[in-house]
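Letters A, B, C and D name the chains as they come in the text, with residue numbers starting at 1 for each one.
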């Protein structure tokens, strides 16, 4: 079976604690992964609270989502992680979390995306150098069928500089390392919290 | 007198700290219990802050709410815990907490329940496999007479897949172990926070 | 000079940390005291952040507010603490904190008090046994002249089962020991957060 | 190369952790500095999360913003720190953070400043002795060109008793030591949170 390196488990456990401290992994929601090599990722096991992960909570899967760890049951959403790693070869960390702001905005916004413009924090996203451009966060309809959901997500990954948001569900964010993935998730959640406040007026 | 096992005290103390970190046990509110055997539970003593429990804060009671620990004064709400353990033989942990979102919604909603639909987090509740179904969280009028309150709760336990919410008071949640009870409480509070935000529009 | 016992310093330092963790002592706001004997209290020194108190941050004063610790400058608001200890001989702890909810409500509410009714958490206050009665939290106009402010507060202490709230400023709460004072402050702030949410509709 | 004293690194690392605990340095936002002598400051390096600073995250620059630490890339906003230290010789600490309340208010308020009046917390700012006076927090249009931005800020520093706020971006606050700078930042953020709540009515 695949031996998961210590740094990978540590990065995932640490990310889970951080996301929990912000309230972004309620109940057993969310999942977290890192790339181990061109064909393999380490990802959180299905179920269990992501704020209290242990070494046993992390399993290895290939890029089709098949488990490389004995007795491991990958979460159904593993496929969405694999889709991102296949599409972006430089991506080394993927985070999926739920927030109150993201959940509410994604259910109440009828447009196919949320437009973010005028915020300094936008500059955390790859290639962004100014607050002046409009950034799009795609909104995807939720679906319990992961293949169907992945098919909805696929065509929109090219217009997703921040990541994407599944309606009533949560955010997917990725980056070249875990620190940047956590920073981007925090950036998106800050921007969504601002957007929610501004809709209230 | 009944000897309470270490794991039971630890589970209860840990749950209290977690609930306090989220602001769900304000003042001396809330109470926490685990099943010890078919006829006995361990539960927090009346009074005292649930975020700072010690070994002495946990007492044993039978399923009629009578104390099995010397000099122990069970809280009046112990009866509501007993009712849940009698009704659901597999239940091993019960949590009762107060939140701002739950308190406000329960006072302002005139319908006899809050309907939750369209949220991925719904899947934390027993038997739920999709965000598409409507889940009902029963609202019960508050009453200082616990027998009368238990009589109001009883008939509604069969329509309470998430737990129930006493108006102006707080949430009761249960599960087969403490980790799942904490996850479900967090799930309900996340959903109530979303519902409150969406009512503001 | 007066020797302040260790328990008094510890109670005050611990209360400051707790209040800071909730955001109730912003900037250098707030002050905290305990009764040492019938004629003396220990109280936080003027200035400095209440979340990071040290042994040196706590001074002794008599019930007229005169310092009993060398080189000690009591805060001007010490007089409001003394007023409470003189009026209520059983009071052993007084807390003064600022919250966003309390500040906003106290500035926007034109009535001379905030009425709290229908909340289970009301039962934390002395003599309250039900959620059904209306409790009054007096609102006092802010004044930089402490003698004038104390004269405004005095006549209203008899109608202040929860404590009182100075407009645009903060809450004063007291109890027979520090744990109960902290529980009551948390109870008031929970109730004010609920009241603020409900005004938004 | 310039040797940065231990206290300077410690003050900056501690300030970053505190700001992160409040959510004021989302993603890689914010920067933090202290004065080392009349011509030199220590400041956070460009990039990286300000809640997890290490000794290597702190560099020395002169008051024109030129690096005195080998291989150091100062953040572009270093110039705004230098501008404050040059203008106010007694200033020894400068903080720049982002908050949801400040971001939202700064984008939605059309006036050239936010007026703060009637709050006790105003007294944290230099020279303020009462809640009764109106304090002005200048709002500056955001600009990615730091020289142009500094030219906009310069003339308004004389009317900035609290600091200033760049629209869609964040707050600049300063004081004679780090503890007071942190207290003032907390004071501003408390006041902005109150102002945002009150606009909702």
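Rule of thumb we're sticking to: contacts are C-beta pairs under 8 Å (C-beta built on N, C-alpha and C of every residue); 3 or more make two chains touch, one makes a residue touch a chain.
Just so it is clear, the model here is predicted, and its values are computed rather than measured.
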Classification of the chain B:chain C interface as same or different, half of numbers criterion: different
For chain A placed onto chain D, the superposition rotation in degrees, Cα atoms, nearest 5: 90
Chain separated most widely from chain C, comparing mean CA positions: A
Computed distance of Cα centres, chain C from chain B, in Å: 31
Centre-to-centre distance between chain C and chain A (centres being mean Cα positions), rounded to whole Å: 44
Contacts with 2+ other chains: residues of chain A: 200
Pairs of chains satisfying the touch condition: A-B, A-D, B-C, C-D
Residues of chain C that touch chain D when the two form their complex: 23, 26-29, 48-49, 98, 100-101, 103-104, 107-108, 142, 144, 166-170, 196, 199-200
Parts of chain D lying in touch with chain C, wherever the complex brings them together: 22, 118-121, 124, 129-132, 179, 182-184, 186-187, 189-190, 193-194, 197-198, 200-201
